[in-house]
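The following pair of complexes shares a single chain, chain A, combined with chain B in the former and chain C in the latter.
The block that comes next holds the complex of A and B.
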């Protein structure tokens, strides 16, 4: 679903928790960022960060779904991800993301955070467009 | 995180960086590098199983730690681990890009991916920033969708053929240096060779597929024609035999079991 054609784009994606489907989360991030004119370096960072975001929520779970919302404004992209346990039950809040996940996200994006919304473990990140170096 | 790093609180690390900045003392530099090698291993492990040998990733990440220690400015108020993580990930990304972080992808996608690597570099120099997908598409003559597809394929989990040719008929291999990355493990190989030779050929093959080629247990099961559970059991038994054999042969020299396992894994080229 794509809303709006000018400065704000919002895309929703829902995928089963399956390793080989995380590609969809990455590809969607890349497509939204590419469409907004982000540089490939930023897009690479975003792709790795989205993967990390998903992994940090899924931990070792093997069922349920991930719901992702990508919001793109002029110079930033926000990705929000929440985990829904199988059968639509409230997901047990996951254990805290490990230090490494947090460090990786620190390194790749400008802001990120985690919380529990409607009983679902959630996490979000924001990547701003890099300024030109010359 | 290594035990060394655990013993190095943030304050101590900061103090050491100030000391390094003041004196450029090689011993302090060594201490800081050693204390943070655990981070290199953690990050290398995170990005393993994408077609590049784990040992190579550890080398790239470890060099990035050295670079980070040399470049870190403790006066800027950023934690070293944050700075170092950024540097290590950057180096790993570059490594994957150079080596073809790829893929079971159609040949046209592999070719475009190889071409994009070169075009991205030249455009970045020309523009003074990372090029956009639109600019890459315009330069290569491919559609934006194809560019995105190729970039994604470049982050696949299986390696491309190293001999895939780009549009100039150069192979990816021709862009790679000839340094033997396995030199560092020669000693470990020497140590393990007799123990490995005692294993059955199928067990040797399974160890090779798992630790040298990085195949998953399921992939090995398919390749060898046995169940994944069986592969798991054989791997565990083989590693145990190697561990015992190495421990026995080294019982004359002081060393611990963890180091033996590390040697074994190192010699096999994987974690």
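The block that comes next holds the complex of A and C.
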């Protein structure tokens, strides 16, 4: 909080859908959360949650791009991820995230969801900073 | 800690032990799946999987382990895991898999449980 105003940091990342590049999505999540002062436990939770968010959209696809936006406010980080099919065409919605992914997301983040925006399959999550314990 | 994925296997007391290290994700899970598949389809019904040096594990990796466990149990064996890292244990706990896999604190203990 600066002068009573909420501080927001926004980072955009766009990566080709390639198994060995999904690591960039979770590295960015860790970096954004670390710079925002999130604790180690929260950062590790976010890393895994962002991985699952990406996997829920990528499924078995091997083309197109993932567009991620990380928005960090004082006590929370929101990650929005959308899939753009190759050639900029609208992507078909992916399968529902599998049961293991859903259990992981349910456990590690405060909110998450899926929708279709501008014809693109999208998924998002919100992770709030863990309350300090006495 | 080294994040690079590496896989090795050996035999201890007649039991195959596959040891993984680094991050197991959508990119690195296939070699683990292939190694476990090769063992379980070549007549080895029980395989110990050592995850002591694994630093990250996602649902793709869990899927590989669940698939291997299923094959082992279908042939009368098992797939004991070796895990001590709390972050890795947490992934099994939140997905309800601690009640599915036998989980041990050391390779010796895991091998002893099936020898």
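One rule holds for everything that comes next: the second predicted complex is superposed on the first by the 128 of 134 C-alpha atoms of A that agree within 3 Å, B and C clash if a C-alpha of one lies under 4 Å from a C-alpha of the other, contacts with A are read in each partner's own complex, and residues count from 1 in each chain.
The rule is simple: a contact is a pair of C-beta atoms (placed from the backbone, for glycine too) under 8 Å apart; a residue touches a chain by one contact, two chains touch by 3 or more.
All of these numbers come straight from a predicted model, not from anything done at the bench.
> First (chain B), second (chain C), both or neither: which does A:22 touch?
second
> Between chain B (first) and chain C (second), which, if any, makes contact with A:118: first, second, both or neither?
neither
> Tell me the contact category for A:130 with respect to chain B and chain C: first, second, both or neither.
first
> Specify the partner with more touching residues on chain A, choosing between chain B and chain C.
More residues of chain A are touched by B.
> Which partner does A:42 reach: the first (chain B), the second (chain C), both, or neither?
The first partner, chain B, only.
> For A:34, decide between first (touching chain B), second (touching chain C), both and neither.
first
> Could you tell me if A:107 is touching chain B, chain C, both of them or neither one (first, second, both, neither)?
both
> Show me the chain A residues, by the header's touch rule, that chain B contacts in one structure and chain C contacts in the other.
Residues 23, 44, 47-48, 100, 103-104, 106-108 of chain A touch both chain B and chain C.
> Going by the contact rule set out above, which residues of chain A touch chain B in the complex?
23, 26-27, 30-31, 34-35, 37-44, 47-48, 99-100, 103-104, 106-108, 130-134
> In the complex formed with chain A, which residues of chain C make contact?
Where chain C meets chain A, its residues are 23, 25-27, 56, 58-60, 62-63, 87, 91, 94-96.
> For the complex, which residues does chain A have touching chain C?
Answer in residue numbers: 19-20, 22-23, 44, 47-48, 51-52, 55, 58, 98, 100-101, 103-104, 106-108.
> Note which residues of chain B are touching chain A in the complex, please.
Interface residues on the chain B side: 1, 39, 42-43, 46, 81-82, 85-86, 89, 93, 120, 124, 127-134, 136, 144, 147-148, 151-152, 155.
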